[in-house]
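The two complexes that follow have chain A in common; it is paired with chain B in the first and with chain C in the second.
On to the complex of A and B.
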């Protein structure tokens, strides 16, 4: 299905452009917040008594802005480009799309302001207060409506795998977002006791499983065959990967609660399915990697393809780690410490973040009809992120192992602080690298979208 | 398989519904039968307000409330049970232990320790990386303290009773004068410890280790020169002990060791037996005795058979 783009229309793909800029701009804010928070782990009095710069308020801002400010809009930008293209039609309504982009940005500003002010529901990944939840759910509904109407008006009978993933991601996330944020209880946004923990981690894990992963897979399925100029390796594997992802990924949230008094049978379900995650992961990866077999030169020559292919390798690493971490014996060491933070950075920055950026760099020349403002800056950003995320993975895994083993050996949390100090310093330095990459990326993307044709060097 | 729009969307939603049935609804039915645990009690109004502050300031991102069978640190005496959480709304298990687990923090320290610690955590814990919470006014800090002192529920209440009882006695002793205070402090060290000199020599290396331990653990209250004028001092009552007054007042290595190991419940002096192994306590005791008290009994009789490493 993927075809070479031919359409240069300047004003086209307004929604995709809007999400491109949203993603690039919020990537700066999200990584700046992460960087400041990392500095505070090294110098805790750095922002003393500035309440809205407390580490503990910055952390949820960082997490939510990365998830919903940088990565999701980046992946949605891609989807708003390739869904109409794959259906050989126009987006049902660019106007509605622009309204969605504006609503999305309003929700992000409100998220940042409320969390900085301490207005939070205190549940990881579901901190936002009810009015913001309502805004985000509305945005997801608008996106779903736009997509499904585009599908309805399509001129291509067959739906390509990227379209399945985009539709399912938006439809399923709308449901799990409402469920996970307990939207029927506007005051607290939570259940009570152990059921709250089970629901929270079901939702928390589905942010990755039903939103970031399917949208990332959609982008990879669309872009890798085009960059490689070859058809997708296997339709059967696409089917297997798609359905098994939805069946298996949704079962595993409780692997966050293996050391908590939740029903044992539920832990067994979570562990078994965490191992079974190998099925959707490898079905997707084999499909993509076999499509790219012998074509690595072409991938290396395309900045979008390069980001995305690297993202698939990160997906392999993060998934294998994830399955291992669900094993109770491994989790005795890795739970509650930096290992998990390292895992999260490989997943969200290395896998879905890399793929979101790859999507942006792939579609921008196609929606503007002219080359990127600077290929060099894009390549620089690629290397900064690759070095940064590999560095995160290394130092956080090391400090996580130090913490985990020391605690198992009877050392207190306080005693271990000085042992991981140096890794916190390296972590902050790498955070600066990622922030600078976001600044350079924003400049590049902004100039690419806004400079007039003919201005390019 | 033909992937029509209906197949994709209806199929995905049906799968999701089935999974929600298995991993949310069934466990909900299962866990909603949970009964209160043996130490459960309802939170007071002030504790509930303190909990709101705990949530809005993001304490949950660094402090878990989830004690596991494999834990050794704070709270490890009581492994978490489902019945501990039945009124937690939302539940605050946490996912990172950047600081210690707080499930059983209630009554570990008296309120004045918490005041000093919230104003600047490094005042009581020099290596802490917790942010300072001075910007919360005193009222809010005391609400937060009420919440933290209630963590552990009935067990916390028992510990708080102990803190209150011994706080009263410690204040009485402190206000009755230096001699009486020191006598009172010594009197609560078991007899055998009181007459025990430090059985190990104060070597150069040992004193250097002692200095390091002192700076990492003791400095915040007792101050850089051991006069009890550390940064936490203005908030703590009875104030941190001025070591220099101990000279000539029947101090011994055994007393210093015992007080560091066991702490002085009721005062801000915590126990360190969880954090410092035997050698570290003897070393820091020698450091205090030599440099601050200026009266050291290291390696005097009775000292038993000399340990193999001794020079």
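On to the complex of A and C.
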């Protein structure tokens, strides 16, 4: 691989490789569990009497594995590649990075086993029991230490916006994870009453807003200019977007609790800031889309760029949806039903999941020095996921509207269930597609990293 | 009474945020923005060949797996709709 003289040639990016494999492997497990859960919505008795396969156990396993098993490690793989490169130095410690990867995977295995066994703290996105929380927080601390020491030893004075985002994501998540999981109360992992709900959703929204979103933005800001071979449209605008995200995103968690007796002023803050989210969202999107203006051909020709650009379009959709869903009148219909699950999949899979995969396919040839094992398979995965997630969005939105209106009209539940049956079936079918794309993606990524027959260029 | 703790947390956050911002300002992070635009580009593009190296039978296998998936998805829909 030709090397830039200002860059070290020795870095093997072991940590990035580790997170690549972690992400690809857990994507299979997470989507398989999601698929089984979706089958149970079609046929509720499917796994009756098998306690560890009940919906109530599968759902948290699926959710935690997609968030912490697939998307976050995928985005971290990218960050472990581009943070040192943007700082024109090497990662502070690859050894520490490998320890982090191992710890991370141990926490994921423990998460799956304990949740399947029914050991849960029962708070959404914070189900894991204390020892696992401790493992995850330690992993985040190690990553932060590794990054900040890399920053300290940097040869480039200016921190590119991706570095800001990556550092902030890791630092803020360490804090909000501790808070949201109430780690100072190991037994229950919770406060009591309404303050617990407020704290939980402060954390819950921060998982998307201060972990997935900044890491995804970081990857897009690094990769899109490279794919388009043009400089970023505006670095100042990107920093504006960064600081406004930090200020605004931290306040919107209570939009999950609009129909709960939390103080009204807090709801008002959450709603106003949910609308104000248009500032960081558009600052990011305008910047990326202007950078790519007239260069769509190049993006189309690069599989990583293609995933990432699609992710930015999904970000636009999910954010517009989100701002509308934060309006109380809209939420009277959309809350507590499949509409929100649709929004969740557009966000976590369509936006950050797509960007995570794009990051993997972009960096793998660069860390191995060989072409991807199969571009065809990567492209196949792109289309399977695009079809899957768009389909999810459509059917979940339709069935959500049916559920929401039925509830408003005071209809009995069993009549609604038959009306949404068909949508549950299509959802399960699309889920199968996504699961199989995860299998082929894992095979492709595994072969690309380990036994790649490709020649060095 | 959790609010004093919440408040303390918020204030700590605000102060750390302001401190980092001021550091960035003093450190010149907001100057030289024109050069910053090019930072992601300073890499010599590794000339990675864009060809696919998968051996024939493996690719076909995965391709058929995907096809089987699509077929199974349709079968699932069909079965649930018409044979219940």
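Here is the rule we go by: the second predicted complex is superposed on the first by the 440 of 457 C-alpha atoms of A that agree within 3 Å, B and C clash if a C-alpha of one lies under 4 Å from a C-alpha of the other, contacts with A are read in each partner's own complex, and residues count from 1 in each chain.
Just so we're on the same page, contacts are C-beta pairs under 8 Å (C-beta built on N, C-alpha and C of every residue); 3 or more make two chains touch, one makes a residue touch a chain.
Quick caveat: nothing in here was measured; it's all calculated off a predicted structure.
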item	value
Touched partner set for A:239, first chain B, second chain C, both or neither	both
First, second, both or neither for A:417, with chain B first and chain C second	first
Touched partner set for A:264, first chain B, second chain C, both or neither	neither
Contacts of A:366 with chain B and chain C, given as first, second, both or neither	second
Touched partner set for A:155, first chain B, second chain C, both or neither	neither
Which of chain B and chain C A:332 touches, first, second, both or neither	first
Contacts of A:250 with chain B and chain C, given as first, second, both or neither	both
Shared chain A surface residues [contacts with chain B and with chain C]	42, 158-159, 161, 175, 179, 191, 195, 199, 239, 243, 246-247, 250
Interfacial residue positions of chain A with respect to chain C in the complex	1-4, 6-7, 42, 85-86, 88, 156-162, 175, 179, 191, 195, 199, 221-223, 225-226, 229-236, 239, 243, 246-247, 250, 301, 365-366, 369-377, 380, 384, 421-422, 425-426, 428-430, 432-433, 435-437, 439-440, 443, 447, 452-455, 457
Residues of chain C touching chain A in the complex	2-3, 6, 9, 13, 17, 21, 24, 27-30, 32-55, 58-59, 62-63, 65-66, 69-70, 72-74, 76-77, 80-81
In the complex with chain A, residue positions of chain B that touch it	1, 3-5, 8-9, 11-13, 15-16, 19-20, 22-24, 26-28, 30-32, 34, 55-62, 64, 66, 68-74, 80-82, 85-101, 120-122, 125, 127-132, 134-135, 216, 274-275
Complex contacts: residues of chain A adjacent to chain B	40-42, 44-45, 47-51, 54-57, 59-60, 118-124, 148, 151-152, 158-159, 161, 163-164, 167-168, 171-172, 175-176, 179, 188-200, 202, 210, 239, 243, 246-247, 250-251, 253-254, 256-257, 259-263, 266, 269-270, 332, 335-337, 340-341, 403, 407-408, 410-415, 417-418, 424
